[in-house]
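To start, I am sharing the structure in question, which I have written as structure tokens.
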Amino acid sequence: MIGVSHYLILSGLLFSIGFVGVLRRKNLLMLFFATEIMLNAVNIAFAAIGNYYGDLSGQMFAFFVIAVAASEVAVGLGLLIVLYKKYGSLDLEVIANMKG
Amino acid sequence: MDHILSILIFFPLLAGILGFVVDKGSAKAYGISVATVEFLLAMWLWMSFDNANAGMQFTEFAPIISQFGISYNLGVDGISLFIVIMATLITLLGIILLDESKIANMKNMIVSLLFLEMTMVGVFLSLDAIIFYMFWELSLVPMLYLIGAWGGPTRVYAAIKFFLYTFAGSLVMLVGLLAMAYLYHLEAGVWTFNLLDWYQLDLSTDLQFWLFLSLFAGFAIKVPMFPFHTWLPHAHGQAPTIGSVILAAVLLKMGTYGFVRFSLPLFPDASVSMIPFIMTLSLIMVVYTAMVAFAQKDMKQVIAYSSVSHMGVIMLGVFAMNAEGLGGSIFLMLSHGIVSGALFMLVGVIYERTGTKMMSEFGGLAQVMPIYATVFGVMLMASVGLPLTIGFVGEFLVLLGFYQVSPIGTIIAGLTIIIGAVYMLTLFKRTFFGPITNEKNRNLKDLDRRELTALLPLVAIVIWLGIYPKPVLGPIDNSVQKLLVEMEYKARTQEAKDMIISMKPEKEESDKEAK
Amino acid sequence: MESLVYIALFAPFVGSLFAGLFFARSPKSILVGVVNPALIGVSFLASVALAMHVAEFGAVHVTMMDWISMGGLNIPFGFLVDEVSVTMMLVVTLVSTVVHIYSNGYMDHDKSFNRFFAYLSAFVFSMMILVMSDNLAGLFIGWEGVGVCSWLLIGFWYHKEDKPFEENPSISPSWAANEAFIMNRIADLGMLVGIFLIYWNVGSLQYNVVFDALPNLADGLLVGIAIALFIGAMGKSAQFPLHTWLTDAMEGPTPVSALIHAATMVTAGVFLVIRMSPLYSMEAVSGVSMFIAALGTFVAFYAASMALIARDIKRIVALSTLSQLGYMFAAAGLGAYWIALFHLAAHAFFKALLFLGAGNVMHAMDDELDIFKMGGLRKVMMGSYIYMGIASIALAGLPFFAGFYSKDAIIETAFNEGTYLIWIMLVITAGMTAFYSFRQVFFSFHGEERWKPLGFNPHDMYKYVLVAMAPLAILAISFGWFMDGYKAFITKNLPAYEMSDHTHHIAWLLGALVVLFAVIGIWIAYRKYAGKGAMAWQRDEKVENSFIYKLLENQYYVPHAYDRFIVQPYIVASDKFWEWDNKIVDGTVDTIAKTIYDAGDKSRTMQTGNLSTYLNWMGAGALLLIVAAAISAVIG
Amino acid sequence: MYEFIAFYIFAISTVVLFGITVMSKNVLYAMTSLAGGMVMISGFFFLLGADFLGVVQLIVYVGAVMALYAFAMMFFDATKDIKEKHQNPTLTIVLGALMALVFVFIFSAPIIGENIEALYPVVEGVGNAQAVGMVLFTKYLVPFELAAVMLLVAMIAGIILAGKKMDHSLTTHDDAVDEVLHHRFESESDAIHDAEKIADRAEREGAGK
Amino acid sequence: MLEPVNISLESLNLATLSPMLIAIAGGLIILIIDLLKENLHKSLYVMLTLLIILIDLGAVLGLNVNERGFFDVMLIDGIAIITQILILVASMLFIPLALTSKRFHEYSYPEFFALFLFMLAGLQFMVSSDNLILIFIGLETSSLSLYTLIALHNRHNSFEAAVKYFTMGALAAGFFTMGSAILYGISGSLELYQIADAVQARIDDPGMTALIIGGAAFLLAAFSFKLSLFPFHTWAPDVYEGASAPLAGYMSVVPKVTAAVVSMRIFEMLIHLGVEWVQTAILVLAVLTMTLANIMALVQEDVKRMLAYSSISHAGFIMAAIAIATTKANASVFLYYGLFMFTNLGAFTMLWVSRHKHNIHHARYDHPYEKFAGMINVMPMGAVVMALFMLSLAGVPPFSVFWGKIYIMSSAVDVGMVWLALVMGANSAISAYYYLKLIVYMFLKEPAAELKEKVVYYNVSKPLMTVLGITVFITVGSMFYVDPLLEYITEMVKVSGF
């Protein structure tokens, strides 16, 4: 059986990949992808820990994370649409009216 | 009249709020009436004041935040009594001096003056640290408005500087007060900000030192002690006449009063050990700022810097640790209030007429304005501490008292009577003596009735208290003696006990006899 | 007797208020001119009565009320009329009365006539407080009071403009007034220190308490007190190096000079030393006393030397005053307090007379002061000539005139004490005194009438003024005759200084020597300025260019030195301080504020508006936290 | 052994796929790889015995979410390459690597406690879906219901934000301000032009680009 | 096979759920009303919402302290109750601000009010639970609603703000879940009290420190975002600027106080377990936050943005109190927010009163300082009121925020962190500058020539004035009610075991 730390480290790696995405992406849509990756990464961790404890709470959390992710996508895309209508772009360089 | 102190504090507030309703044209009359009533109340307070009682009188107590030990706690003793009276008097005379035709928005000014009066009286009557702090901070607001709205060209800069500087210092002070309350809590198990309770608290010398420093930050900036004084020339330079008058006469006294009311009795050991430090700063204040005053070209700045210099003398008196010096410094607070107030008024008078305060614009004014020159001369003489004027009594006592602490320091401080005379006489000579250099000044009018009404009472006080200061010195003496006895009792180190000269044995005996 | 004390004290005060309050704004009022002298006269009469009383029953001591009472300090308004103070009172009130009357004439045309009388009476009042007070603080009141009155009076013609130093060494009345006040203040600080020392070691400022306690004090302390008080005396009595104000003070109206700078105020310092004679006569402070005597002698000579060449009629008199004050200090320093006091009184009479005479001359010459422009005035102003002559003779110390007795006694004392250097100096100075007094008299009243081409129209003073001056003239002549009687009177209070037998034996010789010197001085003056073969009245370029003449003319460059080493550096330092105050002290505060503000400006750039930057910040923050966590876990 | 192999296959493929998602310039590639990665993740869930979760992952993520993204992508016309300016690409990588390193450090600790008992244990012999249902509708009923509200919120938000009503501002035009603006620019040379410029700023920017 | 579950209704303790249910039901009712009849006036919804909040508040007040419900998911302790009260009171002040004299885009949506109520429910759940899942879901529900509410203002800046907030929120959600995962890994539980027990038991295990601190770091990052601590604050100024003024004011209080409560639950647990790192980290963040936000506020040209920075700085104060972690400090958090809430909302309301559709003074800013120049002449009462708010925010006694400030400072002093109190003092002094700047503009400068009364009064209405009146009253009269308030709060905090 694979040790839990394998899963957790994998989860950490994926989280880091998502993190890199968040840091480097300038396109909003792609940014959202990166946040999805982070949430998914955490899900693995939850599932793994739950599995090793034989506990269902981990799965529960992962379950709710998926729900949250789905809701975020809905709201996020709504925002993207309305933003795109106004700015005609999803580039973060363009959407930078407020500063200082 | 159990609540005379509350009335004294909140009458101006109430009147100020109601003042919003008063018609613009009648604002000044309203202000005068209110200030008169307030002054009469203060006089009444004096009349009913028990001179033989050295402790707090007319005390009032009501808890505000009992959880945290904050209470509405008032009281008056010989130390605060006269400062309060002076505050009300100066406000009254200041309002009388206002020229309706020259001041826009008179109503706003009157209202803010009345608010200011409330805060001033409040500071001196509070016996609760937080309430004290409250009035202390609140006094900044109307002053800010006074300077900022009716001041000179760079008034906003000056006003903000004044506010922020004092505010910053007082926040450090606040931390000290909170720490003090905590220490009391540790010791006694209850929270209190009651000053009289705090007096009972015995602190280690280390703690005393740090707490002293934190309070010092607040008070020193207000005094203002060197090198924290630079807000003052700006504030005075820009403030309207009444602003300068009140600032110099009353607001500065808050700092020295704070030292007397807080630092000394709470931290006797620290106070004693800090004497060299305070002395150094004060001496620099006395000499250095007097020299700076000499270099000024603007009459008002001369008087502003002279205020700093005189406040240095007061500081020395406060830290003389004997009744002569301490009592003298309190009397000097009064006298400096009266005199510098009057001097600022006088500068204001000429500024109103000519629109300038530059000495170079004047010369030979004594010929065209003899009464003005006379009044100015009287105030000048009081300012340089001529005997039989109010200025001498305090200065003499302070120097006398401080001699016990440091003869060398006293001699340096005594330079004030020389260099004080130098800059004041130079000012007087440049302004009033010589031929009339500026043709514009040839037709200046002498003091009119309004101005005389404002100034003559001050002249009278200057002379009266110069000749017969006893009614004032008596209560001050009592309270100061009590303070010193407490300090000596409380002091931990023998060094401090030796330094503090109280007349405890005699006092107790006489008390016993009285009983 | 109490009422007499109060009358003597307050009559001048009433006069001052009378003139000051009721007539300040009105034009010249005859009423003031009558009432004020009358009130001073009343004061004089009261003083006389008091003197009689004192002579008969001893000192009168009254306490009016408490003044300052704080802690252990208690200062009453108490007045002590004893032999010393009553002498001063008599001198002061007498001279004042004459001066007041005189002023009626002298200030006749001045538009501030009433104001003048107010000041003058106030001055007398202050002087009375000074001499009558029974404690040092009260003395200090009077001390400062006369200071401020002299400030007012010297600067009486305040409207005159400043002139360059080369043109007028005393620049302007207002300048001179300020100088006088400030110089006195310097000395006052010393005096205050003395008072503090006494208070903290004795616990009181009352003379009697202090005197009683003196023997118990440590020697060093006594020396300290003596020095401090003497510094105070030096200022008021214009002793070197605080002397420059006195000559400059001649900018004031001449009656003022007569009153203040001859008869009363300047002698306050001497009075103080005499007053404190129990202190100064103590063994422990003999060094200080010797210093006083030495300084006095030096000043006597120093001032006389300057008077030799002075051309300003009032300056000559002023310098002679300075010189005579030196004599008084010499006497006091040597322990002959009563002689000092006696000389003080005698000097007051003849010097006041001299000043008033000089005033007459000035009045006649439209305020011209240069004796080179006078000459031959005796024809037009005989009365003044006689008075000036009498006063000069008295000053020169010719026999049977007041100055002879008093000055001679001082010189004798110096001999008696064995301080021969002082003695010689004083004798020489006596000769110089005679020379310059008569030089001045001859210059102004003898010789050709140099004023004629200059268009002056001199005339003598009003008759009543001349009559009023008579008492002074009489006393200038006769005061010395009462020396023995006075000695008996005063030594009840002051130590009776007795000459040793040896000195006593050669007293006539010493006196003769002094007279000889004086006569030689007068003779030289006569030869040079009045005699047949007198030199030309024109100024001698050769002499004037000589080093000594220049030195004397420029008052030994002392005023220059003050200006150069004290005044100018002070001004420069003040300006520098102001600059620093703005740049450094205030600048620091502003820099702090600006730094904070700039930090805000800098840090707001992190707020780029770009979401990616924000996310980077957030990511970096989180990473930082986590890395910190990891590090902390490793360490911990 | 089979588990071991499966884990590593899934692991490598998820890392690679997500790596493509993060690094790719093409949105289509990114999205496709994201979908692929999510499928792989569901594999982990199956491996870990969380069958129900795996199914949900497939349905919700790969089914719903990715479909939404796909629609959105069409709306944004983002099939073309997107140019992104990267100021400091190495720094990002370094930060990411650092993050990964810290994870490795943290998770190499023995995280699973031995004495901890499962609160909601996996019951032997009961299907995962059943067990999950049991817990979800007892212990986690409140979160579950709240999640429903959340989804409702998301729905409403999506509808409103994407709705037509957002295209125009309904905020009242304030005449007073326009008057002031008009008045201010009247005196200047190209006054009206400027006034319009400021007044119609919102509209211009909304319609523009 | 699973056994059938038997649960009595009483044991569920439904009352603990009632406040949130009321809010959710209210939201649904509003949606239904909209379905039934369109284009009803906003005032209806405003009043409905107000009523629902009122009932909600009633339900909250009716709660018993220290009860658990619904399989222990719900935790109604003292701080949960106080926070809910704070949330609801703030909401009651916020909602009437919709009744401006002019129309604004967002209020034309009935959904606005529904979303608002859902948000309330989310926030209420968040604070009255110690289950990480419920906290998470509550957080997300409220956040998603909030993003939408911001965007509904329908201006460029609003969308930009919403997107910024949203994206950073998503990242924060990632951090939160990762942090929870680690804690779950340590303890096998998602309930804070069980986590506490488990951590306590395992605290000496090898490698445990790294895990605990690592988990805490992630959670701290997540809550730092919510509380806008440096450097997680970057969204705040922009979001405040983009959001409508009332919402900005609301945001500066309500989401933050909930986040503060949750942080209190999580981090104080860790602090009390002896994880000093957490305390240090929070203190560092708090000090950085109050200082940097302050100095950035100094240079702002827009009042709203300035207030945004000032709110960030105030959050720093709060966070410092949480790090102190004594009963007094915790009480001071609530006292502070309770007082700050009114003042800050009042200040934002003043901005709302002077809101224009188009900017007169500045191309970008709605409320540049110049706009308020000479306000004392144009609108004297308004100027005085605004000045009072500014003074209160600056911490001038006796106005409300001062009492909170000294209580926090005092609690810092109590635990020997005098330096912290001094830093707070210094920051108050710095902050006085920018508050003063507004006062200077209002009182000491001349108004722009064309700034007429109508322009300034543009948006004012009776409900707004009422709200202003209440906030002014509470700001000024704080002296008289701080005592009972403090007593109540302290009692509640003590009961909750903090």
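Labels A, B, C, D and E are assigned to the chains in the order they are written; within every chain, residues are numbered from 1.
FYI, a contact is a pair of C-beta atoms (placed from the backbone, for glycine too) under 8 Å apart; a residue touches a chain by one contact, two chains touch by 3 or more.
Keep in mind it's a predicted model, so treat the numbers as computed, not measured.
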Legend entry - Separation of chain D from chain B in steps, with touching chains one step apart: 2
Inset, instruction - Could you tell me which chains are in contact with chain B and with chain C alike? - result: E
Legend entry - Chain located farthest away, centre of chain A as origin (C-alpha): C
Inset, instruction - For the chain pair with the highest number of C-beta contact pairs, give its two chain identifiers. - result: A-D
Legend entry - Centrality ranking, top chain (CA atoms only): B
Inset, instruction - Report the inter-chain centroid distance for chain A and chain D in whole angstrom, where each centroid is the mean of the CA atoms. - result: 5
Legend entry - Whole-Å separation of chain centres (CA-atom averages), chain C against chain D: 96
Inset, instruction - Averaging only over C-alpha atoms, locate the centres of chain C and chain E and give their separation in whole Å. - result: 78
Inset, instruction - Provide the list of chain B residues touching at least two other chains, using ranges where the numbers run on. - result: 164
Inset, instruction - Return the residues of chain C touching two or more other chains; collapse runs of consecutive numbers into ranges. - result: 604, 607, 609, 611, 615-616, 619-620, 626, 629-630, 633
Inset, instruction - Check each residue of chain E and list the ones that touch at least two other chains. - result: 133, 137, 140, 144, 147-148, 151, 156, 163, 167, 171, 182, 185, 188-189, 210, 214, 237-238, 299-300
Inset, instruction - Write out all the pairs of touching chains, ordered by chain label. - result: A-C, A-D, A-E, B-C, B-E, C-D, C-E, D-E
Inset, instruction - Spell out the part of chain E that touches chain B in their complex, as residue ranges. - result: 376, 391, 394-398, 402-403, 406-407, 409-410, 413-414, 418, 421-422, 425-426, 428-429, 432-433, 436-437, 439-440, 443-445, 479-480, 482-483, 486-487, 490
Inset, instruction - Would you mind writing out the residues of chain C in touch with chain A in their complex? - result: 604, 607-612, 615-616, 619
Legend entry - Interface residues, chain A side, partner chain D - complex: 1-2, 4-21, 23-27, 29-30, 32-34, 36-37, 40, 43-44, 47-57, 59-60, 62-64, 66-75, 77-82, 84-91, 93-94
Legend entry - chain B to chain E touching residues, read off their complex: 63-68, 108, 130, 133-134, 137-138, 140-141, 144-145, 148-149, 155-156, 159-160, 163-164, 167-168, 171-172, 174-175, 178-179, 181-182, 185, 210
Inset, instruction - Enumerate the contact residues on chain D facing chain E in the complex. - result: 102, 105-106, 108-113, 115-119, 123, 125-126, 130-131, 134, 138-143, 146-147, 149-150, 152-154, 156-157, 160-161, 165-166, 169-174, 176-178, 180-181, 183-184, 198-199, 201-202, 205-206
